[in-house]
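To keep things simple, chains are lettered A, B and C as they appear, and every chain counts its residues starting from 1.
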Amino acid sequence: MRAGRSIGILSAGILLAACSAPQGPYPAREIKLIVQAAPGGTSDTVSRVMASLAESRLGVPIVCENRPGASGALAFSFVARRSPDGYTIGHAPVEIAIVRSLGYADVGPSDVSLICLVSKTAPALVVNADARWATFEDFITEAKGGSGAVVMANSGIGSIWHFNILLMEQGTRARFTHLPYGGSTPALVSVIGGHSDGAVAGVGEVVSHVQSGTLRALAVFDAERSSVLPDVPTTHELGYPIGTPAWSGFFGPAGIDEERVSQLADAFEMAFGSPEWAKLCRERGMQPLFLGREDFESFALQQQQFFEEQIPRLVRLGAP
Amino acid sequence: MVREDVATGGAFLVLGAGLLASGTLLPAGVGGLPGAGFFPQAIGVLMAALAASLAIRGIRHSPTAGTNSGDLRSVAVIAALLFAYLALWGTGFFLVRTAVFVLLALRFLGQRWLPSLAFSAALVAFVHIAFDVGLNVSLQ
Amino acid sequence: MTAELLAGLAAVLDWQVLAFLAAGVSLGAVFGALPGLTATMGVAVLTPLTFWVSPEQGLAMLLGIYCGAIPAGGIPAILINVPGTPASIATSWDGYALTRKGKAGLALGINALASAAGQLTSIAFLAFLAFPIASFALRFGPAEYFGLALLGISLMAGVSGDRVLQGMLAGSLGLALALVGLDPMTAYPRYTFGLSEFLDGISFVPVMIGLFGLGEVLSQVSDRRARARATKIEIGRVVPKARDARSLVGSALSGAGVGTMVGAIPAAGGDIGSVIAWEQARRTAKDKGQFGKGSLRGLAASCSACNAAIGGAMTTMLTLGIPGDAVSAILIGALLIHGIQPGPLLFANNQAFVFSIVFLLVFACLMIMVVGLLGARPLAKVLSVPPPLLWAGIIVFGTVGSYALNNAVADVWAMYAAGLLGFVFRRARIPLGPLVLGLILGPMMESNLRRALILSGGDWLALVARPIVAVFLAAAVLSIAWPWIRSRRSASRSNLGPPSSA
């Protein structure tokens, strides 16, 4: 009788505690990771591999959901509108710092909770393997003629690699004829087929073609040499400090509890240290780079500011 | 006069003219290179020309027998059901809503209660297994 | 060479690899047969699972999905007039007409056999002529793509049957709808009404499901007789008679040739290839009037071509390391995960692996052929379901499938809007085939014409000076002009006296 009563009180107490607690333990159910690109691409692979590595640390499944469209703007605004409970997060590529400047959606790094950065990918300038230019200088010299005779394929107006071509024009005074394609792959195919002279794309996208001898890399737009293209000089050593990389990170809606953000960041940091992640980075030509919440925040905000200044100056939508 | 051809031609003539007019508001292009507005205008001209010739042919020719009269009321009801089904997207209980939609549609189309119930249950179960579980699509 | 060939065969003749292949083929059949799920989606969804198995096993699974989905896509096209994947649009033209004539079994049988013929022919091309095909594909620059797209668009007249003007109008509407979104060349938004959902244009697969699936359903709902129709199943024979079969071999083989070439060209796949093959078969046929109304040869050509595109796309992928279509783009990613780099080096250094891919494709092709032939009768039983149940099924799968593509409700709205459009077009007896051609080929034509003009410095005549382009343009002009010439001739003949044949 007494025992029964005390059990009753105890269970009532537990019930009360469960109800009145402002927040239960986190994470208590599956976390959804929104990917801004279609299944099968690099963003998707990065997200899925990271998710499967991080879920063991968190103890709940991380389920990826693809919401491609408008350079990622659809996915960014979708995540930004979710409730900031830490159960909906998103993959944050460099485009999150770009889409507002292009007018695709009113969202940027300053409107979300940034979690962490896991990799970056430098741009590389490639030409056909049989092309007459052996060095970056040769290429630039010819393009400086001003006739626009050198044709540069790009992965779409407003894309990160197209933007790097514009930075290259600005930094070297070269002038190209721009040939826009709908992505890096068709742009590279156009160079392989000899229909255009050069292209700029991520190191990871060009490395297989360089190794199989269909493309030649003239420069990597970075301060340090790429580990997958160690023989290719960087623009910085050639005296042109140009280029801005692509990157991969994670974010959530603004206002996620700081404790939860650090839990997520810790889980991704553990995943970052795994051999699987190192292997994926090697295969895809990405540079593993971990920035925790605060570092990622200052990096992403700086990127946002950079693109907000440069894009209106360099990219003219509506003009070829 | 073939009313069907005149109606089709008229509708497309309006559409083509609209395309042509809106195309002039888009960038025309620079230095001999067509811009964003070139194709809308070209397609508008093509559409208007084809539509005009269809309409003219329709006015000249005598009607052929056998125009199809159909049960438009049923189509309107099904379309309204579809609209309601989609307008409620994202409000939760997707499977229940789907079952209700299928049940209502089947009853309206003259199916008996029992087969309708059984079929909507089976369909919803299959959707759940294939899409919710198999493909991890979050249907709400 | 022989040693590599045997090594490749040995790697495949392993029960685990074959089990993965069989699993892939079955899954692919499901993805292909359900409207809204495509081969691309199947391969993309299953790719992460293959990270944890051996390259041969993973590749067996993915190639199985690819080879299983495309023939299976023809099944709903034939039975309920809803293409299971974009590649089987042309299959529905003759296939569904056969079903309405009570020859569903024969249509499914020809789909299975012609698909196998297409796949096997294209695999043979891959095994023996990979490099010549690849170098042909690489010659495709902007001007050539423009020519190909224009040729495809010119087929609008041919696929409109006897309602050419209405068909061309539908085609121009397809071209107009394809304008929605960012201008492919300058990223200037066109007809987006300020909505981010429209920036990438209208998704093609939901529109296809709407036009053919929902549109067909609504049109049958409006037909009181269809609803009340006593459900009598007519399946008929599955394997064609020897006499028919002989005449079909030619269509299937020429379809396979067209499909392989178009498939090898990056960014042009089975959807375009099968329409071109269908029109080519029609042009060379004596019974042109039968095409679109249940021609066995038209069905064989289109089924064979959309499957031959698989071998073509694989050829470009393996020899050059560039994707021939959306599926091979994902396959490249999957191979990279296993440390295998497709490209010229693969052919030089790892010939055994290339041969094992060839054998995997052959086995997958045979498996899906057997499934298709054995499954024809049970699958055709779907027709015995009371029509309203079938309609509800099409609507629900179409809805969920459209959403699942991109997890976007906007795509479901697009599907419903396309359904209403399809219904209106059916009532006004406007052909839908040209609209789809316009949607697929419009962006390809526009962006490549403008690219070609950038390269030629605004000189339009320079485009025609390229031989491949000139051939395409001549063929395009001919196919536009031909129906007019023919109707003129038959009109003048009918003025003189009663026509000799209808």
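List of remarks:
Just so it is clear, contacts are C-beta pairs under 8 Å (C-beta built on N, C-alpha and C of every residue); 3 or more make two chains touch, one makes a residue touch a chain.
No experiment lies behind these values; they were computed from the predicted model shown.
In terms of inter-chain touching, the protein chains here all touch one another pairwise. Interface comparison, B-C versus A-B: the pair with the greater number of contacting C-beta pairs is B-C.
Subunit A and subunit C have Cα centroids separated by 33 Å.
Between subunit B and subunit C, the centres computed from C-alpha atoms are 22 Å apart. Separating the CA-averaged centres of subunit A and subunit B is a span of 37 Å. Under the contact definition stated at the top, the residues of subunit A that touch 2 or more other chains are 65, 318-320. Of all residues in subunit B, those touching 2 or more other chains are 27, 33, 35-36, 138, listed in ascending order.
Residues of subunit C in contact with at least two other chains: 45, 183, 185-186, 188, 407, 450, 454. Touching subunit B in their complex are the following residues of subunit A: 32, 63, 65, 318-320. Against subunit C, the residues of subunit A that register as touching in their complex are 38-42, 44-45, 48-49, 52, 65-71, 73-74, 77, 102-105, 151, 156-158, 177-182, 185-186, 188-190, 192-196, 208-209, 211-214, 280, 283-284, 317-320. On the subunit B side of its complex with subunit C, the touching residues are 4-5, 7-9, 12, 15-16, 19, 22, 26-27, 31-36, 38-40, 43-44, 46-47, 50-51, 53-54, 57, 68, 70-72, 74-75, 78-79, 82-83, 85-86, 89-90, 98, 101-102, 105-106, 109-111, 115, 119-120, 123, 127, 130-131, 135, 137-139.
The part of subunit B that touches subunit A in the complex is made up of residues 27, 29-30, 33, 35-36, 136, 138.
Residues of subunit C touching subunit A in their complex: 41, 43-45, 47-48, 51, 138-142, 183-189, 196-197, 199-200, 266-267, 320-323, 329-330, 333, 336-337, 339, 341-346, 406-408, 447, 450-451, 454-455.
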